[in-house]
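The structures considered in this document are given below.
Same chain, two partners: subunit A is paired with subunit B first, then with subunit C.
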Partner chain A sequence: MTPLDITGFAVLLLLALAAAAPLLRSVRTLQIPLAFSLSAVASLAAVVAGVMTVADGSVASATMSLGIPGLPFHLRLDPLAGFFLVVIGLMGLFVSIYSIGYVKGYGGQRSITHMICFYTLFLAGMLLVVLADDAYFFLVAWELMAAASYFLVMYEDERAENRRAAFLYLLIAHAGAIAILLAFGVMAGQSGQGGFDGYTFDAMRTAHLSSGWATAAFFLAFFGFAAKAGVIPLHVWLPEAHPVAPSNISALMSGVMLKTSIYGICRFVFDFIKVFPWWWGGVVLALGLISAVMGVLYALMQHDLKRLLAYHSVENIGIILIGLGLSMIFASFQLPTLAALALVAALYHTLNHAMFKGLLFMGAGAVLHATHERNMEEMGGLIHRLPWTAPLFLVGCVSISALPPFNGFVSEWLTFQAFLLSPALPHPILKLLIPLGAALLALTGALAAACFVKVFGVVFLGQWRGHQKPDHIHEVVWSMRSGMLLAAITCLLLGIFPTWVISWLDTIPEQLCGGRIAESAGRYGWMWLTPIAHQRASYSGPVVFIGILTVVAVTWLLLHVRATRVSRVPLWDCGFAKLTPRMQYTASSFSMPIRRVLGFLFAVREQVEIVPHTNHPAMPGSLQYRLRVRDRFWNWLYAPQGDAAYWLARQAGKLQHGHIQVYLLYSFITLIVLLVFLG
Partner chain B sequence: MNLHPLAIELLQFVLLLALAPAFAGWVKVLKCRMQGRSAAGIMQPYRDIRRLFGKDVVLAENASWLFRFTPYLTFGVTTIVAGIIPLISVDLPLSATADVIALVMLFGIVRFFTALAGMDIGTAFGGMGSSREMTIASLAEPAMLMAIFTVSLASNSTSLTQMVTVMAHAEFVIRPSLAFALAAFIMIALAETGRVPVDNPATHLELTMIHEAMILEYSGRHLALIEWAGMMKLTLLFALGIASFCPWGISAGGDIGSLALALGILAVKLMVGALIMVLIETGLAKMRIFRLPEYLGSAFLLATLGMIAFFILE
Partner chain C sequence: MAHTLAAQINSLLAALILLSAFALLAQRKIMGLVHIFAWQGFFLALSTAVIGFASGEHHLYISSLLTLGMKVFLLPYILYSLVHKLKIHRDIEAVVNIPTTMLLGIVLVVFSYHLTAPIRELSNLMTRSTLAVALATVMLGLLMMVTRRHAVTQILGFLAMENGLFFAATSATYGMPMVVELGVALDLLIAAFIFGIFFFHINTTFDSLDVDQMAKLKETD
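Our next item is the complex of A and B:
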C-alpha cells in the first residue's frame, strides 16, 4: 500500500464512522469505545502514511471524479503534507484514546452520537485539508473542518457564553475563509490557464505572478490563515471558543487545527509563490513576535485554566511564525541552508506545540472532569488527589516553558540559532533589528515559565482553595491517563532525540527552500545536535537527560545509605495559628507583580472595597477585591466594527416598514433601475 | 604529561563540587570584613553543609513528592552545568552538551522547580517568593541572553569552547560592545544569584526575601543540597562571566603544568571577582521590588547598546 492509499483508508474510515454513528446508537455500551478506538486506528494510519512520505521524500497524487462534474478532486501527498498528517494523526491518536474515557462522562446528559459524528468529521476534514491539491477541494475540506469544529464548540450549548463564543468563531473563520478564497482567485486568475484548470495547485505552482499580484495573493492568504491560527490581532475568538469546547476538542483545536493554517502559509509561500521580497518575511516575523509576547502576557492574566491555555496557543503560533518569518527572510536573500534551519525550527515547534498543548488540554480536561471547575482560584493541592494527572501535566508545563530536556526547548533553541545567524544577511538594518527579536523570544520563554509555575503551583500544589470539601475528587479513568501518558512520552522523546527528528524532516526544507541541514545537524552522531557546525553551537538532549538522572539517582542513594528520620509536622504558621488555605497565593496574586510592571498593555481595572466593621468602625470588616483584565484589541478593533455593523443594520432597517405596498414599490424601483442600466 | 580529556572533566566536577563552598565562604569573609564584622572563616559553609546533612528532615504535613524531589533535581542540574563551562581547560568533552543559550535554560529548570516547591506547602511566603522570583527572572532573562548574544557575535558562536578559544587568543583591545555587555552581565548576574540590590541572601525578613522565601520550608539534607547547589551556582555564574569576558590563561589542552597555571589564574580571577561583587553589595542598598524593572531594564538597554556598538563599530 502506498502512503496515499493508507491516508485514503484513514479518511474513509473516519467518514464511515461519522455516517455510522447514528446506527451505533442502539449498541450503547459499545458506541464510545468502538467509535473512538476506530478513530485512533484511522489516526495511526495517517501517522504511518505521513512518516513514510516524509522519510522517502516521495510525492504521490491522485484525482477523484467526485463532486461537481468537470471539477474533480485532486489529492496530493508530498513531504509537507505528510508532516502535517503526522501532527494531526499523532494528536488524533492520543486524543481518541483519551476520549474513550472522557466522552463517557457526557453519557446520559448529552447526545454522544453528535460528539462522535462531528469528532470524526473534524478529524477527516483536517486530514483532507493537507491532502487537497486544488483550491475547490481545499476550501471544501477547510469548511468541513470549520463547520465540524463549530458544532463541537457548541456542544454544551445551553450556556449563552458558549453560543456567543461559537458564533464569534464561525464569524472570524469565515472572514478568513473568504480571504483565502480570494487569494486562490488571484492565483488562479494569474496562472494563465483558462476555466477551472487554474484552480489546481499545479497551475498555481507554475504561475508567474507580477510582484503586485503576488503580494495581494500572499497577504490575502496570510490574513485568512492568520485568522484561523489566532495571530494577534485576529486572536479574539480563540480564548473564547477553545475553553468552552469539550476538553478533547480543545486539545485537537489548539494542538492541531491551528496548525493547518501554518500548513497553508507554508504551502502558499514556499510552494506556490517561491520568489518573494524579504519584507514579507519581516511582516510575518513582526506579527509572530507580537503574538508571542502579547499571547503569553494575556495568558498570565487569566485565572480560567482553559482560557489561559488558549492564550498560550496564541503565543506558540507566534513562535512558529517567528521561525517561518526568519525562514522567509533568509530564503529571499538566497541563503537556503539558513532558511532550512529556520523552517525546521518552525516545523519542529509545530509538532512540539501540538504534543504539549494537546497534553495540557487533556490534563485540563482531567482536572475539569475531577473537580467540575475551570476557575484556578478554586483549586489547589490536586497533586495529592490526582497522582497520575499531576506529573503528566507537569511534563506539559516543563515542555511549554522551553526547559531542557523536553521538546519545547529544542525548537526554541533552534529558533534562537536562526536568530543568531542573521548577521549573515546582506542588509545592515535587518542585521541590527533581528537579534532584538531574539530578546523578545527570550522574554516570551521566561514569561511562559512564570505562567506555568503559576498554573501548576495554583492548581496542583498548595492546599485546596475551594469552598466545598474536595472529597469528591478522584483520579480519572485509565484511558484518559494513557492518552496523556502517550503525549507526555512523545514530548520527552522529541526533546531527547532531536537529531533523528531533524534528519527525518530534512526532505521538507529540501523541497521547499532548497537547503538541507540534517547532514550538518547530525554529523557527530545521534547524541549531538549541531545545527550548522559544532563550532557554532551544539546541544545534547541524551547527555542532559541521562546526566541529570544519574546525578539525582546517585545523590539520592548516597543520602539514603544511612537511615534518617523524616518527620511530618503541621504547617509553620509563624505563631499566628489561624492559617487558612484562603491565605495562600492565588493565580491573581501570583501574576500581580507582572501585572504591575506590564499592566499598561492591558485594560486593567482594579477595585478594592473596604466595608468597616460594624462594632469597631475603625477596623475593616470585610474587603472585596475585584479585578478585570480585558483585551485591548477588543475595544480597539472589534467593538467599533460591531458598532458599525449595528449602525448599518439599523439604517438598513429604516427601509423595512412591514407594508407590502412599500416592498412592492422597492421591487418596482429596482426593476426600473436595472432596465435603465441595461438600456 | 598530558591528562586525558575525561580526566579533566572529572577534575572539573570534583573542583567545583569541592571548592564552591570555599568560594561562598570567601565571599562571606570579604563581606564581613568590608562591613566591619568579624568573619567565621572560609570553611564555615562546609561546616554548615555537614551539619545540615546530619540533621533529620522535617516536612510539612502536606508536602508532596515534588517538594522532596526538587532538592535532588536542583543539585543534579547544577552539577551537570558544572561539567559544561570550561574552567581550566577548553578540552572538555561535556562542554558540547549545551551552548550558552541551553545553559541559561538549564538554570531555568532549577528556578522553575524551586519556584514550584515554594508553592507546594501552601504558605503565603512560599507563593510570594515564587511569584517574585519568576517576575524578576522573566525580566532578567532577555537581558542575560542579549548580553550573551553580544559576546557570541564576536566569536560567531554560542558554543562555550569556541567562545573561550576565540576570546583567549584574540589580541587584547578594549571593545565597546564587550564593555557594555559585561556591565549588563554583572547586573544580571547579581539578579540571578539573588544578591543585593535585587535580593539579599542573608535576610530572613518576611517582606524582603525572595529566594529565601521559596526555600523557607526546607530542612536537613534537602536544605543542604539546595544550599550547596546555590553555592555552585554562584561560582558557576562567575565562571560563565570569566569564560565569556576574560578567559585568558585557560589551558588549551591537558598539559598538567598549564592546567595548574590555569587553576591558579582562575583562583585569582574568582577572588578579584568576589571582591568586586562584595564592593557592589556593600555600596548599594537593596531595591524595592517595583524599582527592579528599571534596574533590569537598564541592564537590557546596556546589552542592546553593546549589540548596536558591535554592528556599528566593529
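Our next item is the complex of A and C:
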C-alpha cells in the first residue's frame, strides 16, 4: 500500500465512523470505546503514511471523480503534507485514547453520538485539508473542519457564554475563509488558465504572478490563515472558544487545528509563490514577535486554567511564525541553508507545540474532570490527589517553558540559531533589527517559564484552596492517563533525539527552499545536534538527559541512603495562629509584579474595597479585591466594528414599516427608476 | 387587408383593456371591481384570439380559451364567493384619493409610451403599437396595489398586473410558449387559492382585511 492509500483508508474510516455514529447508539456500552479506538487506528494510519512520505520525500497524487463538473477533487501527498499528517495523526491518536475515558464522563448527560460524529468529522476534515490539491477541495475540507469544530465548541450549549464563544469563533473563521477564497481567486485569475483549471494547485505552482497580484494573494491568504491560527490581533476567539470546548477538543483544536493554518502559509509561500520580496518575511516575523510576547503576557494575567493555555497557543503560534518569517527572509536573499534551518525550526516547533499543548490541555481536562473547577484560585495541592496527572502535567510545563531535556527547548534553540545567523544577510538594517527579535524571543521564553511556575505551583503544589473539602477528587481513569503518558513520552523523545527528527524532516526544506541541513546537523552522530557547525553551537539531548538523571539520582541517594527519620510538624506561622489555605500565594499575586510593570498593555481594573468594622472605622472588617484584565484589542478593533454593523443594521431597519403599500412602493419606484435608466 | 383590420380590432381591444385598468382604479365598490376585472379578462381573451387568427399562431386559441375560463369565470367566481363569505361589501379605502390616482395613472401611461417608442420603431409585428398599453396595464396594476388598503383590492391589482404581462407577451412576441403559459395559468390558480386561505387567516387574526393592521407584526424597537 502506498502512503496515499493508507491516508485514504484513514479518512474513509473516520467518515464511516461519523456516518455510523447514530447506529452505534444501540450498543451503548461499546459505543465510546469502539468509536474512539477506531479513530485512534485511523490516526495511527495517518501517522504511518506521513512518516513514510516524509522519509522518502515521495510525492503521490490522485484524482477523485467527485466535486463539481470540470473540477474533480485532486489529492496530493508530498513531504509537507506528510509532516502535517504526522502532527494531526499523533495528536489524534493520543487524544482518541484519552477520549475513551474523558467522554465517558459525559455519559447520560449529553449526546455521545453528537460528540463522536463531530469528533470524527473534525479529524477527517483536518486530514483532508493537508491532502487537498485544488482550491475547491481545500475549502470544502477547511469548512468541514471549521463547522465540525464549531459544533464541538458548542457541545455544552446550555450556557450563553459557550454559545457566544462558538459564534465568535465561527464569525472569525468565516472572515478568514473568505480571505483564503479570495486569495485562491487571485491566484487562479492570474494563472492564465481558463475555466476551473486555474483552481488546481498545480496551476498555482506554475503561475507567474506580477508582484502586485502576488502581494495581494499572499496578504489575503495570510490574513485568512492568521485568523484561524489566532495571530494577534485576530486572536480574540481563541481564549473564548478553547476554554468552553470539552478538553479533548481543546487539545485537538489548540494542538492541531491551529497548525493547519501554518500548513496553509507554508504551502502558499514556499510552494505556490516561491519568489517574494524580503519584507513579506519581515511582516510575518514582526507579527510573530508581537503574538509571542503579547500572548505570553496575556497568559500570565489569566487564572482560568484553560484560558491561560489558550493564550499560550497564541504565543507558540507566534514562535512558529518567527521561524517562518526568518525562513522567508533568508529565502528571499537566496540563502537556502539558513532558510532550511529556520523552516526546520518552525516545523519542529509546530510538532512540539502540538505535543506539549495537547498534553497540557489533556492535563487541564483531567484536572477539570476531577475537580469540576476551571479557576486556578480554587485549586491547590492536587499533586497528592492526582499522582499521575501531576508529573505528566509537569512534563508539559517544562516542555512549553523550553527547558531541556524536553522538546520545546530544541525547537526554540533552533529558532535562536536562526536568529543568530541573521548577520549573514546582505542588508544592513535587517542585520541590526533582527537580533532585537532574538531578545524578544528570550523574553517570551522567560515569561512562559514564569507562567508555568505559577500554573504548576498554584494548581498542584501548596494546599487545597477550595471551599469544599477535596475528598471527592480522585485520579482519572487509565485511558486518560495513557493518552497523557504517550504524549509526555513523545515530548521527551523529541527532546532527546532531535538529530533523527531533523534528518527525517530534511526532505521538506529540500523541496520547498532548496536547502538541507541534516548533513551538517548530524555530522557528529545522533548524540550531537550541530545545526550549522560545531564551532558555533551544539546541543546534545542525550547527554543533558543523562546529566539530569544523574543529578536527580545522586540527590535522591544522598537523601535516602542515610536512614534519617523525617518528622512532620506544623508550619511555623510567625505567631499568627490562624493560618488557612486561603492565605496562600495565589495566581493573581504571583503575576502581580509583571502586571505592575507591563500593565499598560492591558485594560487592567483593580478595585480594593474595605468594609470597616462595626466597632470602629479604623479597624478593617473585611476586604474585597477585584481584578479585571481585559484585552485592549477588543475595544480597539472589534467593538467599533460591531457597533458600526449594528448602526448600519438599525438604519436598514428603518426601511421596515410594516405597511404592505410601502413595501410595494419600494418595488414600484425601483421598477420605474430601472426603466428610466435602462429603457 | 385582413391584417390591417385585425390590427385595428386589436388596437380597439387594447384601448378597452386600458380603459378597464383605469376603471379598476376609479371603482369604489368591491363587487364592481370584480366585474371590471372579469371584463378586462374578456377583452384580453378576445384580443388573444384575434392575434391568433391574424398571425396564424394557432396555439394562441388555447391561450385565449384558458384566459376566458380562468380570468373571466373562475377567478372572478372565487373572489365573488370570498367577498360573500367574508361579508365585505362596503366601500374600499384608498391611501391616495381617486382623482390623484387617476392623474398618476395618466402619467404612467405617457411614461409607458415614451419607454416603448424605440421598440415600436424596431418591431414589425402588427401588435407593436399595443405594447405600450400592456406596460401601462402592468404599472396601473402595481399602482392599484400601492394605493389601496384592502387585501382583496391588492389581489385584484396583482391579477390585473398579470393580465398586463400576458398582454405584453402576446403583443411583443405573439405569446409565450404553450408550456410556459400553462404553467403561469396554474400558478395563478394556486396563487388565488393561497390568497383565499390567507384572507381567512388575516380576517380571523385582525378582524379586518385592512392590510394596515399587519403593521402590528413589525418588530418593535
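Just so we're on the same page, the second predicted complex is superposed on the first by the 664 of 679 C-alpha atoms of A that agree within 3 Å, B and C clash if a C-alpha of one lies under 4 Å from a C-alpha of the other, contacts with A are read in each partner's own complex, and residues count from 1 in each chain.
Everything below uses one rule, namely that a residue touches a chain if its C-beta (ideal position, glycine included) is under 8 Å from a C-beta of that chain, and two chains touch if they have at least 3 such contacts.
On a predicted model such as this, the values are computed, not experimentally measured, just so you know.
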Exercise. Touching A:458, do we find subunit B (first), subunit C (second), both, or neither?
Worked result: first
Exercise. So, A:182: does it touch subunit B (first), subunit C (second), both, or neither?
Worked result: neither
Problem set entry | Contact breadth on subunit A, by residue count: subunit C or subunit B | B
For this session: Considering only the touch criterion stated at the top, classify A:668 as touching first (subunit B), second (subunit C), both, or neither.
Result: second
Exercise. First (subunit B), second (subunit C), both or neither: which does A:658 touch?
Worked result: second
Exercise. Which partner does A:572 contact after superposing on A: first (subunit B), second (subunit C), both, neither?
Worked result: first
Exercise. Once the shared chain is lined up, is A:438 touching subunit B (first), subunit C (second), both, or neither of them?
Worked result: first
Problem set entry | Residues on subunit A lying within both footprints (that of subunit B and that of subunit C) | none
Problem set entry | Complex interface listing, subunit C residues touching subunit A | 95, 111, 115, 139, 142-143, 145-149, 154, 211-212, 214-219
Exercise. Hey, which residues of subunit A end up touching subunit B in the complex?
Worked result: 380-381, 383-384, 394, 398, 401-404, 409, 413, 416-417, 420, 423, 428, 431-432, 435-436, 438-440, 442-443, 445-447, 449-450, 452-454, 456-458, 461-463, 524, 528, 530, 534-540, 543-544, 547-552, 555-556, 559, 564-573, 579, 581, 583-585, 589-594, 596-597
Exercise. If you look only at subunit A, which of its residues touch subunit C in the complex?
Worked result: 653, 656-661, 664-665, 667-668, 671-672, 675, 679
Problem set entry | Touching residues on subunit B, where the partner in the complex is subunit A | 53, 56-66, 72-73, 75-77, 79-80, 83, 94, 96-99, 101-102, 105-106, 108-109, 111-112, 115-116, 118-124, 126-128, 130-132, 134-135, 137-146, 149, 152-153, 156-159, 162, 217, 220-221, 225, 289-290, 293, 300, 304, 307-308, 311
